[in-house]
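For reference, the structures are reproduced in the following blocks.
In the two complexes below, subunit A is the common chain; its partner is subunit B in one and subunit C in the other.
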Partner chain A sequence: MQFNTIKYLVFLFIVFAVTLALSKLRNSRWIILLLASLIFYYTWQPYYVALLLFSAALVYSTGLLMGRSPDLKTRRRWLWAGGGVQLLILFFFKYTEPIISSITGLNPKSAEYPLFRILLPVGISFYTFQALSYLFDIYYGFRKEERHAGYFAAYLTSFPQLISGPIERSGNFLKQLRQPFVFNLQETALGTRRIVWGLFKKVVVADRIGAIVDPVYYDVTNYHGAILFFVSLLYVFQLYFDFSGYSDIAIGSAEVLGIKLGENFNHPLSSKSVTEFWRKWHISLGNWLRDYVYNPILFANKKWGKSAIYFALLVTFLICGIWHGAKWNYVIFGSLQAFALVVEAILARKRKQWANSKTRKVYLAISWVLTFTFIFISDIFFRSGTVEDATHIIQSFVSSNWRLEELLAYVNMLTKPKLAFSLMFLISLIIVDRRISQFAHGKKDFGQFGNALVSGSMMAMVIIFGYWGKVAFLYFQF
Partner chain B sequence: MIDERVNKVFRTVFENPQISVNASTTAEDIDGWDSITHLTLITSIEAEFDVSFTGFEIMGMQNVGDMVRLIAQKTDA
Partner chain C sequence: MSRMIKSISLFLACCVGSYVIILLILCNISYSNVAVIHYTNNYSVRIGGNTYHQFHNFDFNAPHDIIFLGASKAMKAYNPEIFNQSGLNTYNLGSHVQDPENSYEIVKHYLNSSNCKQIFYEITDGLYSQPLVPSTQSDIDLVTNTPGNGVAMDILFRNFDPKLINIYSIRELQLNPIAFQAEPAYKGLGFVGRLHSLSLLNRKELQTGKQRPTDNVVWDKQSISDLKALIELIKSKNIQLIGIYGPVSTYYSDKRTAQYVDYMRDIFNSYGCEFWDLSRLPGIEDKTHYSDLSHLNKAGADIFSDTIVKRIQQRNTTGREFR
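Moving on to the complex of A and B:
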């Protein structure tokens, strides 16, 4: 059940109604959330519900064993054992096929492929991240182990963030779930607003842009500079509006059920450094990597001084790259991030001076251009199936064979009103994004009439112009 | 006493003479306290008190109070 379907909205409404109807019953919240989440997951992949429950049992019991361990050494052993098994499960599903296909040279989709196809359980990366964060938090003493199996399972499987995050820490989530559900019209309205806003980004804008980008990316070697530049630029916005739209729906859904999840995006495309970008892009993953990968590596090697920072950044972003897929283009994507972050860390003092100098505005403008160009280039590696494709695209930008007529022919081939609409929506979205986001966050008020007008037109546009349920969210593949 | 010396280190590391930390201060309260300056802070604290923290101890610090408690433990022993 994708978020961008009517089915999901009906499902969410039913869960909300049941939560509301049973709100007087003690402990009803975790039961409803757990059942709803299992049903939700069942609609995706019925067999893998068992795997999800196994992971919940594994991590829950590891937590108990860690809590009962008298000393740090035993706690660490349990952490490695339980967390290790969960990681192995993730590795098995994510990397078996790429490894076998690289050894045998066979495409997993071909008939001669030696193994049965391994279908990736949806959301496995994200619930593994939540599972590990729970265990690390016990290990570092941020929280005590959760003794109630039901509450723990409800946390790990919670459907709003199950498939693609935001990756939520257990402490924050369970504290809220333990409170009785109190109906608050304003919160429900804000949650709904957030969902509509997310749907708008996804079904009206991102999917329309995707329809322009995908045919070209399907076979990039056939195309030249102008058109590749055009679609690669569009892709930067497609990815952002797709994934942030998804996050809005996730956060809005949880809000309707009375749970506030952490934010996942904060206008990353206006960042003036790559460092800032990673604080504003996929925030929950960035925090996870910082807390459980970067910091432990950094502090274990703190004697190296500044080199420890560079080393920790490199390892962290290589992991970030490879997590997206066992392919060289993702390794390059991760390495590029690490490289940029290291350069910025080296220049940190200088950058601060420039930002405080008289030419501050010029410095900020140049920084934004450089940062955006960097995101643009690294997203080409992210989007391309192979390194060859990505290098072909980048080479085409500097080649003299720019072929503007190819772009014009492509634009001519697309239905004109459709293209005009898509670009108009995209440009207006870029312009209003910040203001409407604040409105969807409940931080901006256009007055009673204005609020109704904005909400009404958003909803109307989603209904009239939306590509309902036709295109999967980009981050579901991870 | 420890509190004052910790505060002095904060002012030097973050180059801000106005900083005043207390037990519940966290990274969010101080401008510029990010994952990169955190290392400078830790090594400066270690140098000031002539102590050494393990990676595990640093990871477990949730606020300045935790840091001060650890310093007290280490300088007592």
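Moving on to the complex of A and C:
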């Protein structure tokens, strides 16, 4: 059940109606959420519901054992045991096949492939990180273990963020789940706005751009400079609007059910540095990596001085890259981020001096251009199927072989008015993104009729201009 | 609660109002003689093609001896002109990717025992087995092009998909609907006869067998159940039914074809209907009688239609049924 389908909206409405109808019953909230989440996951991969429940049981019991441990050493042992098994599950499903295929050189889809085909359970990277955050929090003493198995299972499997995040901390989530559900029209309206806004970003803009980008990326070796530059530039926006659209629908869905999730995006494409970009892009993953990878490494090696920062950045972003998949282009993507962050850390003082000088505006403009260019380049590695494809694209930018006629031919093939509509939506969205976001976040109010008109017309545009079909969210593959 | 109902109503009213206004404008402003709405999306189709003429030229009140139904394989294989030369009154209502669900709607809304004595239903590989060919394009085609609201409404409610909601709304909101596209190979009476034979690419595919459907057929339960519902509907309308597996190129292996024929024959026979296996017809050659790997060209269709005419005449004189 994809978020961008009528089925999902009907499903969400039913869950909301049942939650509202049974709100006076004690304990009803976690039961409804858990059941709804299992049904939701069942519609994706029925056979992996058992795996999801196993993970929930494993992490729940590990949490209990850690909570009962008298000392840090025993807690650490349980953390390694429980967290290790959960990581092994992730490793088995996500990395076995790519590793074997890279060793044997065989395509996992071919008949000669020595193992059975391993289907990746959807959302496993996300719920594994969520599970680990729970165990780390108990280990570091940030929270007590959850004793109620039902509440814990409802937290780990919660359908709004189960498939692609945001990676939610247990403390914030469980505290809200324990409160009885009180209907609040304002919150429900805001949640609905977020869902409509997310749908707009996904089906009206991201999927339209996808229809232009995907055919070229399917076989990049057939194309040259101009066209590769054009679609790679579009991809930066496709990825942002697709993933932030998904996050908006997830956050909005949870809000309709009375649960506030953390934000996942904050206009990252306007960042003036890569450091700022990572504070605004996939915030929940960034926070997770900061708290459970970067900070512990930095702390453990603090005597190294600044080198500890550089080392921690390198390890953190290598993990970030590999988390996306066992492919060299993700490793390069992560390494590029680490490299940029290290450079920024080295130049931090000089940048600050320039930022405070009279030429501040020039500094900001140059910083934005450099940051956007960096995102543009690193996203090529993120999108490409192989490192060879990515290097072909980048090489084609610097070669003199730009072939503008190829771009014109491609534009003609797409039919100009259709392309014009897609670009018009993209440019309009870039212009109004911040303002409509404020509206979706409830920071802008147009009065009762105005709010209904903006939301209603946005929904109408979603229905009319949406690229409806089975177009999955880009982050579902992780 | 009343505040909630008021808010939801206001939201829905604004949504519906904006939807109608935006569509009304885009459906009635043209660019290069085509309503702008057709440029805005990937699935929005213009009125026309062969389906529009096929259904709008069909005389619902005239008695027909045979109506041909099925997907494009039917549309391109049965030439009513050949049948009509032998004194039969026939018409082809086959259309692109017309699956049994869509055939059901056509029979339900357009056919009865007084305008149709007999239906020849063509079985198409890919509409009953995995991987299933999706019927979205057929849904959109029929919602856009069929006369009256019955078929369009039923297809809309059965799928309830945003695409079809839009297509149906466009159908209703176009103030001056005109059939834009013309299918050059449309020959009238619902028949599309392409003149060319296999392209070089098709010949290469035929030789290499690249992407050839597998030998083993995996049946799609839902499609089979839809087919059974269609047969029951036709029988309940007192219309005679004959299932046919018409010619397929050797791109589809003998083993696969035999599985299709045997399985379908069992289904049709279980309802007391004849099933004709004409999959490998003498005189029909891959290279000369197909316009692509799955469809006959006009030359092939004429041979095939002629064969059926002879079969019908033989049956009429001998009274023998073909199973």
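The rule is short, and it goes like this: the second predicted complex is superposed on the first by the 473 of 478 C-alpha atoms of A that agree within 3 Å, B and C clash if a C-alpha of one lies under 4 Å from a C-alpha of the other, contacts with A are read in each partner's own complex, and residues count from 1 in each chain.
By definition in this document, contacts are C-beta pairs under 8 Å (C-beta built on N, C-alpha and C of every residue); 3 or more make two chains touch, one makes a residue touch a chain.
Predicted, not measured: the structure shown is a model, and the values here were computed from it.
Engineer: Could you tell me whether subunit B and subunit C fit or clash when both sit on subunit A in the superposition?
Structural biologist: Because the two structures are overlaid on the shared chain, the partners are seen to fit without clashing.
Engineer: Should A:295 be classified as contacting the first partner (subunit B), the second (subunit C), both, or neither?
Structural biologist: first
Engineer: A:468 contacts which: subunit B (first), subunit C (second), both, neither?
Structural biologist: Second partner only.
Engineer: Regarding the shared-chain residue A:90, is it in contact with subunit B (first), subunit C (second), both, or neither?
Structural biologist: It touches nothing on subunit B or subunit C.
Engineer: According to the stated criteria, A:188 is in contact with first (subunit B), second (subunit C), both, or neither; which is it?
Structural biologist: second
Engineer: Is A:457 in contact with subunit B, with subunit C, with both, or with neither (first, second, both, neither)?
Structural biologist: In the superposition, A:457 contacts subunit C only.
Engineer: Angle at the Cα centre of subunit A spanned by the Cα centres of subunit C and subunit B: state it in steps of 10 degrees.
Structural biologist: So the angle at the centre of subunit A is 170 degrees.
Engineer: Please determine whether it is subunit B or subunit C that touches the greater number of subunit A residues.
Structural biologist: C
Engineer: Have a look at where A:72 lands relative to subunit B and subunit C in the superposition and call it first, second, both or neither.
Structural biologist: first
Engineer: Quick one: minimum Cα-Cα distance, subunit B versus subunit C, in the superposed arrangement, integer Å.
Structural biologist: Closest C-alpha pair between subunit B and subunit C: 37 Å.
Engineer: Under the contact rule defined above, give the subunit A residues that sit at the interface with subunit B and also at the interface with subunit C.
Structural biologist: none
Engineer: Can you tell me which positions in subunit C touch subunit A when the two form their complex?
Structural biologist: Subunit C residues touching subunit A: 3-4, 7, 10-19, 22-23, 26, 31, 36, 39-43, 136, 160-163, 165-166.
Engineer: Taking the complex as given, what residues does subunit B use to touch subunit A?
Structural biologist: Contact set of subunit B toward subunit A: 35-36, 38-39, 42-43, 53, 55-56, 58-60, 62.
Engineer: What does subunit A use to touch subunit B in their complex?
Structural biologist: Touching subunit B: residues 72, 140-142, 290, 294-296, 298-300, 302, 305, 308-309, 345, 348 of subunit A.
Engineer: What residues of subunit A sit close enough to touch subunit C in their complex?
Structural biologist: Counting only subunit A, the residues touching subunit C are 6, 183, 185, 188-189, 192, 211, 415, 417-418, 420-421, 448-449, 452-453, 455-457, 459-461, 463-469.
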